[in-house]
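Each structure below is given as C-alpha cells.
Below are two complexes that have chain A in common, paired first with chain B and then with chain C.
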Partner chain A sequence: MKKRSRLAEWLVTAPSFVWLLLFFAVPTLIVVSFTFHGHTANGGVAKEWSLVTWRALVDPDYPAIVWRTIRLSFEITVWCILLALPCSYAIARLPKKMRALVAGSIMLPFWTSFVVRVFAWKTMLHPDGWLQTCYISFLQVRGWLFGWLPAGVQSFLEWSGLVSHGAADLSTATILDSELAVVLVSVYTFLPFAIMPIYTAAEKFDFSLMEAARDLGAKSFYAFRKIFVPGVKQGIVSAILMVFIPAIGSYVIPQMLGGTDCVLIGNKIFMRAIQNRNIPHASALAALMAFSVLVPMGLAFWWRRRQNLRDKKRLADETARRMTMGGVA
Partner chain B sequence: MKKSFFAQTVLGLVLLFLYVPIVLVVAYGFIPNGISMQFTGAEGEILGFNAKWYRQIFTNAPSARKLLDSFWLSVEIAGLATVISCVLGTTSALALHRWRGRLQSAHHALVYTPLIMPDILIGISLLMLFVACQVECGFWTILIAHVTFCVSYVAMTVLARLQDFDDAVMEAAYDLGAGPLTAFFKVQLPMLMPGVVAGGLLAFTLSIDDVVITSFVNGAGTNTFPTYVSSMVKHSKNLPTVFALSTLMLVGTCALVGVSKALVNMRQKKMA
Partner chain C sequence: MATDSLVFDHVTKRFGALTAVDDVSFSVGKGEFFSLLGPSGCGKTTLLRMVGGFERPDSGRIYLDGKDITDEPPNARRVHTVFQNYALFPTMTIWDNIAFSLRLAKKPKGEIEESVDAILEMIRMGDHAWKYPNQLSGGQKQRVAIARALVDRPQVLLLDEPLAALDLKLRQHMLLELDTIHDQVGITFMYVTHDQGEAMSLSDRIAVMNRGRVEQLDTPAKIYEAPVSSFVAAFIGDTNFFEGRIVSTEGDYCTIECPGFASIRAFNDRKLAVGQNVHLSVRPEKIRVTLTPPPPEKGAGINVFEAKVTDVIYQGVYTKYWLRSVGRSVSALKPHSRFLLDQETITWNDKVYMWWHPDDGYMIENFSELDASLVQTPPQSAKGAAAS
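Moving on to the complex of A and B:
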C-alpha cells in the first residue's frame, strides 16, 4: 500500500515538476553559468571559464543603471502606496453593494491590452498635446516660485539635486522621453495591484476602532495614520512586493516612453541579449536583477517572521504577567 | 458618522486617472486621420467620427492583415497555453495538497518562485536555454514560455480552492466503491471546476497580454498581438486600427463576463 501511494505521488507530481524543472530551474542555472564565461565575436559564449563578464560590470555605465532602476522602482512604489491607502480606505467604507462594483471597476481597465494602454499614454503625452501644456505651465510656476526663494536656499536645493535648473530648459522640456513619463505610466499600470491587497486587508479591518479613536479626541488624519495604517500593514507589505518587483523588471514602459536617458536594467538586458548579442553580459545583468528582487523579498519574510515572533513573545509575557499577578493576589 | 471626503476625492481622481486612457483608446478608434492622432483638422475644425478603421478589420483589408494575423496567433497560443497549464496546474495543486515531504517542498518551491520573479528574468533564462540547445525560436518556443509562467498561477488558484475542499467526500466515494480515477473524475474534479476555470481565465489573460517574455523567445518574424503592437513605434500608420481592435476586444470581454455573471446568478436562483 505504502509503495503504491509513493508511485501515485510521483505520477501526480511529475508533469508540473518536470516541466518547471526543465523550463524554469535549468534555464536559471544556465544563466548563472553563462555569467562565468566571456563572449565571442560572433555572439556566442566562449568555451573557457573566466571572470571577464563580472569584471566588465564595473563599467561606469552599469552601476548608474542599476541605481536608476532601484531609485525609480522606489519612487513608483511610494506613489502607489500613498494613493492606494486612501483609495482602499474609501472603498472599504462604501456600502456593501457599491464595494464590489468599485473594486471591479478598478480592475476593468486591465481588460485592454497593456501595450495598447501604453500607446494611449504615448499619444496623450505627445509634445503637441494638452498634458505637455500643463507640464510647461507647471515648470513655469515652479521656476517663478523658485525665484522668490532666498539665494542660499536656491543654491542648496540645486546642490542637493532636489531641483534641476529651472527656467533654462523650458523650451526643450518634454514629458515624453523623460523619467517623469516612466514614473507616471508605471504608477498607472501598477496602482490596481497596490489597491487590491490593501483593500482586501481593509475589508477585514474593524472600523469601530477608528470611531473609538475619534471619540477619544483623535483628529481624522491622526486616527488614519495611527489606527488604520497599522491595521492593514499585512496588505501594505504585499502591495509593496506586488509593485516593487515588476517595477524592477519593467522594460516596456521605459522602452516606449523613457527616451534615451531613461534606460533601466530591463532595457539593458534586452539590448545585450537581442540587439548586440552579448549573452554573458545579459546573463550577468539578469543575475543582478534577481539579486535586487530577492533582497526585498528576504527582508519582507524576515519582517513577517519577526512580527510573528514578537506577537508570540508579547502573548507569552502577558500570560506570565497575568499568572504572577494572580499568584500575588 | 464622519464622512472621509479626502479619501473619497482621492478615489474619484484615481478612477479618473485609470479611465482617461481607456476612453481615449475607444475614441482614437473612430478618428478619420490616423497619422496625426488629432481630433481636429489642419484649420482647427473638429473632424467627424467614422468607422474607417473598423471597416478595415471586418473586411480583412491588406493593410490590417498583419495585425489580424498576429491577433489570431495570440488567441491560438493563449488557448493552447491555457489548456496545457490547466492540466499541469491542477495536477500540481493536487500533489501539493495531498502529500507532504521533501519532494513536495521542492515542488512547492518550483511552483512558487516563478510568481515572485520579474517576467523579464523568465524570458531571458528561456532564451538562454533555447540558445544553449540551439533551438530555432518560433511558435513552439512561445508556447513553452507561456505555459511555464501560467502553470504557477493556475496551481495557486486551484490550491486555494482545494483548501476549502472536504476530503471526507473522497472517503465517501471510496467507501461506495469508486476507484481513485473514478473518484477523481466524477467527484473531485467537478467540485474543483470553479477553481480550474478561474485559474484558466487568469492564464488566458496573462498569456494573451504578455509582451515581455514573448519578445525574448519569439524569434524573427513571429509576432503575437502585443509584440506586433509594440513594434509599431516605427510604423504607426495603423495605430487607429489597433485601437479599434482593442475596443472590440474590450467589448467582447465585457460581454463574456456579463454573460457568465448572469449564468451564475441564474443557477444560484434555481438552486435557491
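Moving on to the complex of A and C:
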C-alpha cells in the first residue's frame, strides 16, 4: 500500500484542528486573559492588565459554592450511571425492533424545551404535591437513621454529601428549593446522556459472556457486576463525562428549583456576567471552576496510568518468574 | 442406574409452533464421551442448553448423577459449557478466566493457584497466563475455554461445536487434544456437532438427531454400518439407495427385486420376510468399479452390474465415479494405489462393471423420501452427458 504523504494527512486533519483552535482554544484563552483585567463601569473589560479581579475573588462564599457544585455534580453523575447501567442492559437485551423504539423514546423529552420541562417539575414539586409528602417521610427516616449522631458528625456527613441534605426543620421543609430537587431534576435531565453511550457499548457487548459466567457458577447480579459492567467500561467513561461536565456548569435547574440555599457556581457566573456586568469576574469564576475540576481529574488520570504501568510490570515479572520456575522443574 | 451421569426422561421443548426437542429419552454413562450429531436445527444445541440450564424443557425431566436438575438455574449445576465462540472474558487475563469458577466457589487462594497452574500446564499454556484473550490464536482460545470449564472438575462437560471456528489442520490437532484431555480427566463429555468426522473419531457413543428426535443411539461403527433409518444412512457418510421388495430368501441371504433396475442379493441377518418392502443402502466405497468382470473366486453370489461412467471426480485419497446402470445413477469410490503413468485408468464413458458383496448392502425398513434428498446426486453436466 502506498503511504499517504504527510501533506495529504495534514490536509485531512486540518479542518478539525482549525475548528478546535477557533472555537475552543482561542475562546478559552480569551476567557483566561479577561481575568487579568479589571472591569469598566459600563460592563466592558478594562484595557490595562491587573490582578484586581483575582483579588476580588477572595470571597468567603466561593469555596463553599465550588465544593457544593462539585459534590452535587458528583452525586448526579453517580445516580445517572447507577440508573443508566440496568436501563442500557435491559434495552440491549430487547428484540432488535423494540430496541430502536425504546432507545428513541428515551430521546423523546428533547422534543420539548428544556426550560418548559423544568417548569413542569416546579409544578410537580409544589408543596401540596405527593413528592412533598415523600420528601417529608424521607427526612423523617433520615432523622431516625442519623439523628442520634453527634452534631459535629452530622454536619460533616451533610458537608461531605454522604448523607443527603435538606432542611432540618420538618415543619418548614419543602422539596421545592432544596438540594434534593436540584439533584432529582438534574438526574432526570442528564439521564439520557448517560444511557446513550452505555447503551451503545452494551449493544456491542457479547451477551454470551453472561451465559458463560452463569455457566461457571455466577449468580445473575455477580455476572452483571463482573462481566457486563467491565465490558461496557468505555461507555461508562463517556457517560461520566457527558453528565459531569454539563452538571458542573448547570445554572437553570438550581436557579429555578434550588432556592437560596443551593446556589451553584453556574448561578454565580450568570449573576456576575449578566446582573453585575462584571465579565472579568465571571471569567475568573469559570477559570477557577475549570481548574478545580481539571486538577483532581488530571491527578486521577496520572494515578491510573501509574497503576496500569505497575500492573503491567507485575504481570511481566510474574510471567518471567513462572517461566524460570518451569525451567527449573 | 448408578453409573449414569446424565438421564433424559421424555424431554420436550417447543419454540412456538416448532418442536425443537421431541420426547427424547436416553442416558449418558459416567466418563463417557458422548456425541449429539445432526444437521442444524435438529435440536441438538437446544438439548445441550437444557443441560446447561439456559432452556427449560416444556415437559420431561433431566437428571444429573441421579439428581433432578430440570428446574435448577445454570449456576447451581456442576455442569460447564465450552461455547462455540469460546466466550472468554475479554477484560480478564487467561489466568483470571480460568480461575473464575474457583473464585466463585470461594476456594482457598493456594488451592486456586495450584489448580489453575496445573491445568495451564496440561493445556501447555503456562507462558500465556498473563495475556488477554484477544492476544491468543483460535486454537489457544479453544484450549483456554476447555481449561476454564474443566478446572473445577464439573460432573459433565458440555461442548457446543467447539471446533467449528478452526481451520482443518488445527481441527484435526484439537481432536487429538480433546481425546487426550478426556482420557486425563475422566469427566463425562457431551459433545454437540454437525460434523460426523469429529463425532466418529471421538465418541464412545453417538446419538444421531433429526427433527427433534434421536434417530439412532449407538457406537460410531454401528451407526455407520447398520443405520436404522434412511436418515442415518444418508446423513452419516454417503450412500446409494435401491428400493425394492424381497422376493425370496436363501439362508442368511435374500433377493430384492428393484423395479426398473435389477435383482440384488443382500444379507438378511434380521430375517425379513418375503414380500417386505425395503430400501437397500450400499455405501459408495463398498462398490468396486473395474473394466473387466470380477474374478470368479469372488464368489457366485456377488452383485455385478454393467454400467457406463458418466463422471469422474478426483479427490486425492480416492476418486469418485458416477455410474449409470439401467437408467439409475450410482456413486462409487475407488481408492488409489500407487500412481502409475501407464496404469489403465477408468475414464468418462468407459463401459465398466460395478460389483459388491451381498454383505455390503444394508436393508432399511424405515425410509423417508425426505432423507433420500440428503444423498449426493450426480453433477448436472453428467446428467446432460448421459442424456445425449
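Here is the rule we use: the second predicted complex is superposed on the first by the 223 of 329 C-alpha atoms of A that agree within 3 Å, B and C clash if a C-alpha of one lies under 4 Å from a C-alpha of the other, contacts with A are read in each partner's own complex, and residues count from 1 in each chain.
The working rule: contacts are C-beta pairs under 8 Å (C-beta built on N, C-alpha and C of every residue); 3 or more make two chains touch, one makes a residue touch a chain.
Predicted model only: the values in this text are computed from it and were never measured.
Student: Kindly classify A:231 by the partners it touches after superposition: chain B alone (first), chain C alone (second), both, or neither?
Tutor: Once the two structures are laid over each other on A, A:231 reaches chain C alone.
Student: For A:222 in the superposed arrangement: first (chain B), second (chain C), both or neither?
Tutor: Once the two structures are laid over each other on A, A:222 reaches chain C alone.
Student: Which touches a greater number of chain A residues, chain B or chain C?
Tutor: Larger number of chain A residues touched: B.
Student: Applying the touch criterion given at the start, work out whether A:155 contacts chain B, chain C, both or neither, answering first, second, both or neither.
Tutor: neither
Student: Which partner does A:318 reach: the first (chain B), the second (chain C), both, or neither?
Tutor: It touches chain C, and chain B stays clear.
Student: Looking at the overlay, does A:214 come into contact with chain B only (first), chain C only (second), both, or neither?
Tutor: both
Student: Check whether A:87 is in contact with chain B, with chain C, with both or with neither, and answer first, second, both or neither.
Tutor: In the superposition, A:87 contacts chain B only.
Student: Quick check for you: in the superposed arrangement, does A:137 touch first (chain B), second (chain C), both or neither?
Tutor: Neither: A:137 stays clear of chain B and chain C.
Student: Can you give me the overlap between the chain B contact set and the chain C contact set on chain A?
Tutor: Of chain A, residues 211, 214 contact chain B in one complex and chain C in the other.
Student: Which chain A residues qualify as touching chain B in the complex?
Tutor: 8-10, 12-13, 15-17, 19-21, 23-28, 30-31, 34, 45, 83, 86-87, 89-91, 93, 102, 105-106, 108-117, 119-121, 123-124, 126, 128, 188, 191-192, 195, 211, 214, 220, 241, 245-246, 248-252, 255-256, 266, 269-270, 273-274, 279, 282-283, 286, 289-290, 293, 297
Student: Would you tell me which residues of chain B are touching chain A in their complex?
Tutor: Chain B residues touching chain A: 1-2, 4, 6-8, 10-11, 14-15, 17-22, 24-25, 28, 37-38, 87-89, 91-92, 94-95, 98-99, 103-104, 106-107, 110-111, 113-114, 116-122, 124-129, 131-132, 144-145, 147-148, 151-152, 155, 180, 205, 208-209, 211-212, 215-216, 225-226, 229-230, 232-233, 239, 242-243, 246, 249-250, 253-254.
Student: Would you tell me which residues of chain C are touching chain A in their complex?
Tutor: For this pair, the touching residues of chain C are 52-54, 73-75, 79-81, 83, 85, 87-91, 93, 100-101, 104-105, 117, 126-127, 129-130, 148-149, 152.
Student: Which of the residues in chain A come into contact with chain C in the complex?
Tutor: The touching residues are 206, 208-209, 211-219, 222, 227, 230-231, 233, 315-316, 318-319, 322-323, 326.
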